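Listed next: structures, encoded as structure tokens.
The following pair of complexes shares a single chain, chain A, combined with chain B in the former and chain C in the latter.
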Partner chain A sequence: MSFIDDPQFGNTMITLMAALVLVLQIATVGQRWLITTIRIFAVQSFFLAAIAGTIAFFNQANHLYIAALLTLVLKAILLPFLLERTVERVGIRKEIEPLINVPLSLLISGCLTLVGYVVAESFYHPEETSAQSALGHNTLAVAIALFLIGFFMMLNRRKALTQVLGLLSMENGLFLAAISLTYGMPLVVELGIFFDVLVAVMVFGILAYRIGESFDSMDVSKLRSLRG
Partner chain B sequence: MIEMLAKSGFQLLLLLLVAPLISGIIKTMKARLQTRCGPNVLQPYRDLFKLLRKGMVIPDTASWIFSAAPYIVFVTAALVGLMTPMTATDAPLSLFGGVLAVVYLLALGRFFLALSGLDTGSSFGGLGSSREMTISAIAEPAMMLAIFTVALGANSTNLSEMARSAVSQSWRFLAPSQMLAFAALFIVIIAETGRIPVDNPATHLELTMIHEAMILEYSGPYLALIEWGASIKQLVLMTLLVNTFFPFGLSSDWSVSGLGLGLSFYLLKLLLLACCIVLVETTNAKMRLFRVPELLAVAFILGALALISTFLF
Partner chain C sequence: MILLWLLLIPFVAGPLAFVLRRRPFMEAVNLATFALVACLAAALSAQVLQRGPVSFWDGFLYADALSALIVLLTAFVALVCSIYAVGYFRHDEKYTFFDENEEVLGELAVYKLRKYYSLMPLFVFSMLLVALANNLGILWVAIELTTLASVFLVTFYGRKTSLEAAWKYAIIGGVGLSMALFGTILTYYSAHRIQGTETLAGLNWSVLVQNAARFDKTTMRLAFILILLGYGTKAGIAPMHTWKPDAYSEAPVPVAAMLAAGVLNCALYGLVRFYVLTSKCLGPQFGSQILIVFGLLSMGVAVPFVLVQRSFRRLLAYSSIDHGGIMVLALGFGGPLGILGMLLHMTFHSITKPLLFFSAGNIQQHLKTDLFRKAKGGLIHSMPWSGAGFLMATLAVTGSPPFSLFQSEFTILRAAFGGGYLLPAILFVSFLVAIFSGFLVHIANLVLGPDPGLPPAETCRWKKSSLLGLATVIIVLGFWIPAPLFSLIQSAADLVVSAR
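Presenting the complex of A and B:
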């Protein structure tokens, strides 16, 4: 199995998985069912963990294995589980019409991906033909696109839970940028971020449940009626 | 000349024989997956044979378009089939236009089918035609974008040339642009062949039907021609998908041993693709008509990203 040792093959696989992550992100934009959105997020996180593992394997960056494992356990299994339980408890399964209709939001996500590429282009210097810069060029664009589309999702959706998912996919974009550019942040920072995300989701889960209880809906625009 | 005729004859025979078989396999597998017994795999052949022997009823209001449409649908589908590489990289016909001709010959068939739906003056046919045109107007740009991505990789819009370059770069389908184009084209094929999230091929009794609504007035041999043409079109689109993205086993010449190997690989790939289609059909419910543009918008964005990422990745 010679191609296992070939860094070129590693780069191909990483680029492919980054593209899949991007496709899944765009799929969430067009998705109405909350459960499906959560599952897509879980698959996306799984691919992210796979990218981290592949980078760790081909660049002998051993601490990245821990980050990959944490991503797998936390973001691909634990967080989706928590979020799905919140959905079960609130009993709201479907997103109402988003603020901007689906075909237009898909077009906007396509444009945001382009923006990601344009921004990433300025970080790319072809004269430094190290493996790292080539890798960074491909995945950084995807990472920026993930970040922007996640942000757009937070603006576009009205349900508290989909906004949380937008935030989580923004975090996925940051993680992807970090591992592809610098082979990951120091482990302490990594652990801190994971813990942060975990606590955030738990708090959001309780908050979403409370909103659902008091308003019979998870529509955050109804929070305005709290004004005195 | 004789060589070309022989190749065309062989491929035409293959098209005519395999197309109903694939429809039958999809129907049977779908039934089995839903724990029904399902029709025999050979049922489409029997249907065609029965329809071809029957007399037909032509509405009084119908004009010549009604009689011409079945032939046009059938001939364009068969012609397109001769232009796609099925078992060997060289297609028997590569007279003009390459892949653009393929897309627009199929569009010509669809245009006449939609006209014939309107021609009889029944409101059902008109509904079907208007829906078909709505969907194809959105599906076509997505299809073109995905196909251009592949054509850019091969530096040619000639299908034989595209297949040859796909064979020479065997790991190319792992490139992100190819994957995106594949996903886009898969969605387009689901829409074009009237499969479940978009249209239900197994019904004659729904208000939401599209393809069946257009051909509601047809009977006898004309219906057989249209059904056969539709299954050939489905086969051609599936061939396009498997042979341009996964060109394993395509033989580079027309020798007997190469053809045997190519044929067995080809049937295997078709079977796998049919499995994917069956899974999609079984796990999804039919979409509301107004949701279909959303699905096709996904395909369009995927195609656009595929084209963009050919330059960027």
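Presenting the complex of A and C:
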């Protein structure tokens, strides 16, 4: 048996890649250049696809290969391309000062990661996990952390596009949760979700572009004429 | 087969209208589509009543009484909206209301109309898919699709404020729905460990409901809270309601009516499906308390905003938040009466709400504003039909007898007392009274009073017929519910109750 077939090796790889995903997520929290944020998202999605591929390999879950491939094509290549084009067209490259400064934001992200681990604890059932099925269970904490940090990013940032990126990383967190808990949703559902994400990014891109055009800024905190 | 046609017809009609371009054709396509969909929906309800649940493609599409009720309501609202839309957009086009900044009016009008007439069937398609999808994942996908299909309908007028409204609508909806997706994943997880299936059927509601009692309790608890937050956001339950007044006041009237009377039902439908699973797994008590809190909160939030409201379009949105709250509250009271009350309320609300929107739309088009302070009152003199319709719809929607919403609210109240929820019942009644008085004062000031000397509004065949037709249906429903409709609602309620 070569080391590639060893579940222990797979487990290590998945843990390593999940850790990288989390580190990249925290890196976006402090990032102010829009293009860099988008590229970090692309790399993060690449690792996500790799995790999905690894889990598919060790569990013979064939439908997960398709999900991994779609993640790679859609989230690591196509969506970053679309978003970068929007950035080019609007011509706004830098995020303005976030509401909470960077050191404090990083601290909050750390706390959210901790929350992720505490919540994930309640899903851990040691009595029934064999080595094979335990694979990827430790990524649940990372998934919840991604979801929470993405949400925090949406609250903290004011540029329309950064908010979209926050939403997308929440979705990445959900994808990771789905593959770590159940080896992915049924394929049809997975396809539907990918389709929705694609359409959503196009819709959000057009909206962000038009907001940038008519307000001369993508600062969504300027959207405050509707009240009461 | 009928299930497939229900989805296929609006799905094809959207691109068809897009290709046809000419206004009369697009109008005809929309009217024909929604008339057909309404007929099919009635046929589906009849079939479900006679022969029980219908399914298609190994249960991929599935309709029981509850789905049939939602399909019927959606189809009805879509039909009346499409009739009204013809008159509404012709008026808009005639008075070049589309955008003040643009010069090329002819081109722009065609572009905008094309947008409306091709997106609207897709919007209705996504709502029908919500009701007909058996798979809870597909249900989520469809609810997300309703947002995506309607974002550009909210930006229809291209004003800065409509961009703002659409942004809030899309972002808040997106965050909310990602929570709902998390809830769906957790539900799948807890089912997965029991059923061990990796096929599509693993998330089918009709399969899940049989095994729900054995699901993992901790997971289901978290899942239900996430689902409530998620679909609650889509339904505009407080405190996730903030997108609602903006989107409702900026969208064109037929779209706003569709959001208020169609999407609200779809979101609550998703919630009910999960409520059934949760109450089977954890007992009905767990869901009830949270639902009652959220329901009362929504009603309570609506009260001050209704009382001091400055714009009648936003007033309607707060009314919708209030009614969403009432339905969630009724679901929380539970029991045969509570569930029946909720579904009755949903039915009557969907039938009454469009009238309120249509008359408000007519008034807004006539006055070119939706602010109370710019309207001089006495509208009944210059626009007798819309004025009277607005007043009647106000009375109906605030639940005064003899209109049908009174009956459903009374049923809910009986459920509250029957279940021993004394304090929520008292709050429920006082919020209802406050909203009734606030609403009535605003609308009476707007409609009644001495003649301010406005020129009489021109009446259009389409607008008038949709207004009068709806008013007739509302009055008739106040005194007589057709037996098949009631038995459909009753069997939908039984479906939810029997799962406990």
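Quick note on the criterion: the second predicted complex is superposed on the first by the 216 of 228 C-alpha atoms of A that agree within 3 Å, B and C clash if a C-alpha of one lies under 4 Å from a C-alpha of the other, contacts with A are read in each partner's own complex, and residues count from 1 in each chain.
In this section, contacts are C-beta pairs under 8 Å (C-beta built on N, C-alpha and C of every residue); 3 or more make two chains touch, one makes a residue touch a chain.
Bear in mind that the values here come from a model prediction, so they are computed numbers and not experimental data.
A.B. asks: Overlaying the two complexes on chain A, which is it for chain B and chain C: clash or fit?
C.D. replies: fit
A.B. asks: So, A:Ser109: does it touch chain B (first), chain C (second), both, or neither?
C.D. replies: The answer is first: A:Ser109 touches chain B but not chain C.
A.B. asks: Thinking of the overlay built on chain A, is A:Asn138 touched by chain B (first), by chain C (second), by both, or by neither?
C.D. replies: In the superposition, A:Asn138 contacts chain B only.
A.B. asks: What is the contact status of A:His63 with respect to chain B (first) and chain C (second): first, second, both, or neither?
C.D. replies: After superposition on chain A, A:His63 lies in contact with chain C alone.
A.B. asks: Please indicate which partner A:Ser122 is in contact with in the superposed arrangement: first for chain B, second for chain C, both, or neither.
C.D. replies: The answer is second: A:Ser122 touches chain C but not chain B.
A.B. asks: Going by the contact rule stated at the top, is it chain B or chain C that touches a larger number of residues on chain A?
C.D. replies: C
A.B. asks: Of the two partner chains, chain B (first) and chain C (second), which one does A:Val43 touch, if any: first, second, both, or neither?
C.D. replies: neither
A.B. asks: On the A-aligned overlay, A:Ala27 touches which partner chain: chain B = first, chain C = second, or both, or neither?
C.D. replies: So A:Ala27 only meets chain B here.
A.B. asks: In the overlaid three-chain picture, which partner chain does A:Leu181 touch, first (chain B) or second (chain C), both, or neither?
C.D. replies: second
A.B. asks: First (chain B), second (chain C), both or neither: which does A:Val73 touch?
C.D. replies: neither
A.B. asks: Please provide the least distance in Å between a C-alpha atom of chain B and a C-alpha atom of chain C in the combined superposition.
C.D. replies: 21 Å.
A.B. asks: Across the complex, what residues on chain A touch chain C?
C.D. replies: Against chain C, chain A makes touches at 61, 63, 122-123, 147, 151, 154, 160, 163, 167, 170-171, 174, 177-178, 181-183, 185-189, 192-193, 195-196, 199-200, 203-204, 206-207, 210-211, 214-215, 220, 223-226, 228.
A.B. asks: Which of the residues in chain C come into contact with chain A in the complex?
C.D. replies: 135, 137-138, 140-141, 144-145, 148, 151-152, 155, 160-161, 163-168, 170-171, 174-175, 178, 181-182, 185-186, 188-189, 192, 198-200, 202-203, 218-219, 245-246, 249-250, 305, 308-311, 314
A.B. asks: Could you pull out which chain B residues touch chain A in their complex?
C.D. replies: 171, 174-176, 179-180, 183, 293-294, 297-298, 300-302, 304-305, 308-309, 312-313
A.B. asks: Would you tell me which residues of chain A are touching chain B in their complex?
C.D. replies: Where chain A meets chain B, its residues are 12-13, 15-16, 18-20, 22-23, 26-27, 30, 102-103, 106-107, 109-110, 113-114, 117, 138, 141.
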